[in-house]
Amino acid sequence: MARIEAFCDGVFAIAITLLVLEIRVPTQELVAAEGLWRALGRSWPSYAAYVLSFAIIGIMWANHRNIFRYIGRSNHTFVILNVALLLCTAFLPFPTAVLARYLLSATERTAAAVFYGGTLTVTAVVYNALWRYAAAGRRLLRADADQQLVDAVTREYFFGPVLYLAATLVAFLSVWVSLGIHAFLAGLFVVPNHSRP
Amino acid sequence: MARIEAFCDGVFAIAITLLVLEIRVPTQELVAAEGLWRALGRSWPSYAAYVLSFAIIGIMWANHRNIFRYIGRSNHTFVILNVALLLCTAFLPFPTAVLARYLLSATERTAAAVFYGGTLTVTAVVYNALWRYAAAGRRLLRADADQQLVDAVTREYFFGPVLYLAATLVAFLSVWVSLGIHAFLAGLFVVPNHSRP
Amino acid sequence: MARIEAFCDGVFAIAITLLVLEIRVPTQELVAAEGLWRALGRSWPSYAAYVLSFAIIGIMWANHRNIFRYIGRSNHTFVILNVALLLCTAFLPFPTAVLARYLLSATERTAAAVFYGGTLTVTAVVYNALWRYAAAGRRLLRADADQQLVDAVTREYFFGPVLYLAATLVAFLSVWVSLGIHAFLAGLFVVPNHSRP
Amino acid sequence: MARIEAFCDGVFAIAITLLVLEIRVPTQELVAAEGLWRALGRSWPSYAAYVLSFAIIGIMWANHRNIFRYIGRSNHTFVILNVALLLCTAFLPFPTAVLARYLLSATERTAAAVFYGGTLTVTAVVYNALWRYAAAGRRLLRADADQQLVDAVTREYFFGPVLYLAATLVAFLSVWVSLGIHAFLAGLFVVPNHSRP
């Protein structure tokens, strides 16, 4: 278990930190034309996308840490599912960069937001698969894992893909509402509850 | 042993996460010409290469974790062999990027696939050297490591370089078949067996 | 606690190492015109910004390690505060790059230095929030944490945002004095004292 | 000690893995002109610089691991010295990239090799400072650290800066001999001896 945690922590930490590489220093042409302050201000979609994706990967890591408190052993399939989860998570800097680059384009922002939300939806599905594989019939759970708390996690995780999918579909109507839902879902996580005391 | 594992986990985690940096955000010229969806679609070799290399590095990490369960101590030569393995693994993002960039070029894709497969072949050879050095005469094995399982790993690992070399040579005939073999070998790993329960 | 430390260590380590990516290899045109030595010399703002930000992130990590010696348990809010701290820290390579790029521009260097100092000020505020949340009423402290040492840390940390804000405001008068204060504050940390023996 | 090791391992692992980012995928113009094989072949200075710097950082990590077996406690100054060592190590990808880019330029390769060797010399000086600070009067050593082994490490480390400086100065006469010495010094480390059994 220790090396699975260490490897996952490593990938989460790197993916979350790589997000900053997508924020570009303003070019000298732009700065010469409008000054550095305005040029920095123009990058606000990059800052917003950085904060949103940072929060989402941070939440994924915090959730991973939470559920691993219930998990007592691993097997080969569980390792594979973890690698699949990391594959989705480590991919997120790319849709984040696409979203930041095309958020201000009236014709392209829908595609960018759907691509972003779609990646989150797939990630949430894999997260559910990982947890359900471990929790089904208490396959990999610790003997002392409280079944009520385990069931609470299962119920809560079920809503992840549903809400992400809903937010993704809403992007076809309004990108801003869709991103607002993503931000709201991330913000919701700040509130403690029984499964994350 | 703890620091060798931590360092290797770190390099595996970083190499696997850096793969996403090779996927480029579509340029504004391309997006203006065809729209973001089609522009994103054109990058499919990058996505495919990302998934394939992610799976391969993930498998290398999982195998590393597996064999370290049998290994109880280290020495200087073993450290050197680990660094050599990491040198190969950390290099993989480069042939991955070359493959993604030139997969759609009818004249260059063979070279790209041979370069990619050749890197994997060398990596598999180093992996064998690492394992055989540790397992030969039980040099670095734990006292409780089951010799039958150890022998099973040795037999299984022997096929790594052979199959990677075969897939590499096949690229001279057909790049698609060669990459299909790579994907099949990665997929094969998903199946649990005795040496990875 | 172990995974919070591991994740934070990971993000600190990555953010500090990514700083080097902002130092660009001199272009062949520049080198052809003036030779490699002079071209390398022209990048001195990049080296200076690298050293300053490396020192500052290094200090943040060392402080994180120091205060975690007093902290014995965590809760959900503490995890959130840690993620917020990492969000600020992982952002620092961007203002560092902006500062390095525009430090030699007489018209833009003030904005670059204010942006840099502003990021540090916000980071210091979050750092205070993190510590005060843990220390208030000994909420998350270890039973054996000496209250006098805890109070000393609280007092010392209070000056962080104040001094960073002062250095940031000084940049409107003189960028060089502002950066001198940042360097002095980093240098001050080299001296051991009671809260970092 | 655990977090110092974890943080250092992290920075070593990231710096060593970032080296691959300096190897550029051949441009389509170059490949169109000469084919992918020749274009890949033209990048041989990048591959050579990758292998050399990977070996050198790998050796730094292995040495760090070796000396930490003798070190039993830390203090603030020791933490600062570790951060200084990491500052040098994390910088190495930059001179590596400069060397790879300008190795084939008859007029600029001397500057590139001196810059590279100079960085290694400074790093070796900091490494000596770190070790000597810990070992002087057994300040931070474990009670069971064998003084003869400790003295052997001290003697061996003394030659690091001297040899790196010599190799750096030789670059003014011949870049190839200078790099040959660097490669030889790295190769020498492969041989086990008393201080690295």
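The chains carry the letters A, B, C and D, assigned in the order they are written, with residues numbered from 1 in each.
Criterion: a residue touches a chain if its C-beta (ideal position, glycine included) is under 8 Å from a C-beta of that chain, and two chains touch if they have at least 3 such contacts.
Only a predicted model underlies this, so the values are computations on that prediction, with no experimental measurement involved.
Asks: If you take the mean of the Cα atoms for each chain, which one ends up farthest from chain C?
Replies: It is B whose centre lies farthest from that of chain C.
Asks: At the interface of chain C with chain D, does the proportion of residue numbers present on both copies reach over half, so same, or stay under half, so different?
Replies: different
Asks: If you average the Cα atoms of chain A and of chain D to get two centres, how far apart are those centres in Å?
Replies: Roughly 36 Å separates the two chain centres.
Asks: Give, as an integer number of Å, the spacing between the C-alpha centres of chain C and chain A.
Replies: Chain centroid spacing, chain A to chain C, equals 26 Å.
Asks: Return the residues of chain A touching two or more other chains; collapse runs of consecutive numbers into ranges.
Replies: Within chain A, the residues that touch at least two other chains are 6, 10, 13-14, 18, 21.
Asks: Provide the residue numbers of chain B that touch chain D in the complex, in ascending order.
Replies: Those residues of chain B that touch chain D are 3-4, 6-7, 10-11, 13-15, 18, 21, 75-77, 79-80, 83, 86-87, 90-91, 93-94, 97-98, 101-102, 105, 107-108, 111-112, 115.
Asks: Going by the contact rule set out above, which residues of chain D touch chain B in the complex?
Replies: Interface residues on chain D, with respect to chain B: 5-6, 9-10, 12-14, 16-21, 23, 25-26, 28, 31, 35-37, 40, 50-51, 54-55, 58, 61-62, 65, 68, 189-190, 192, 196-197.
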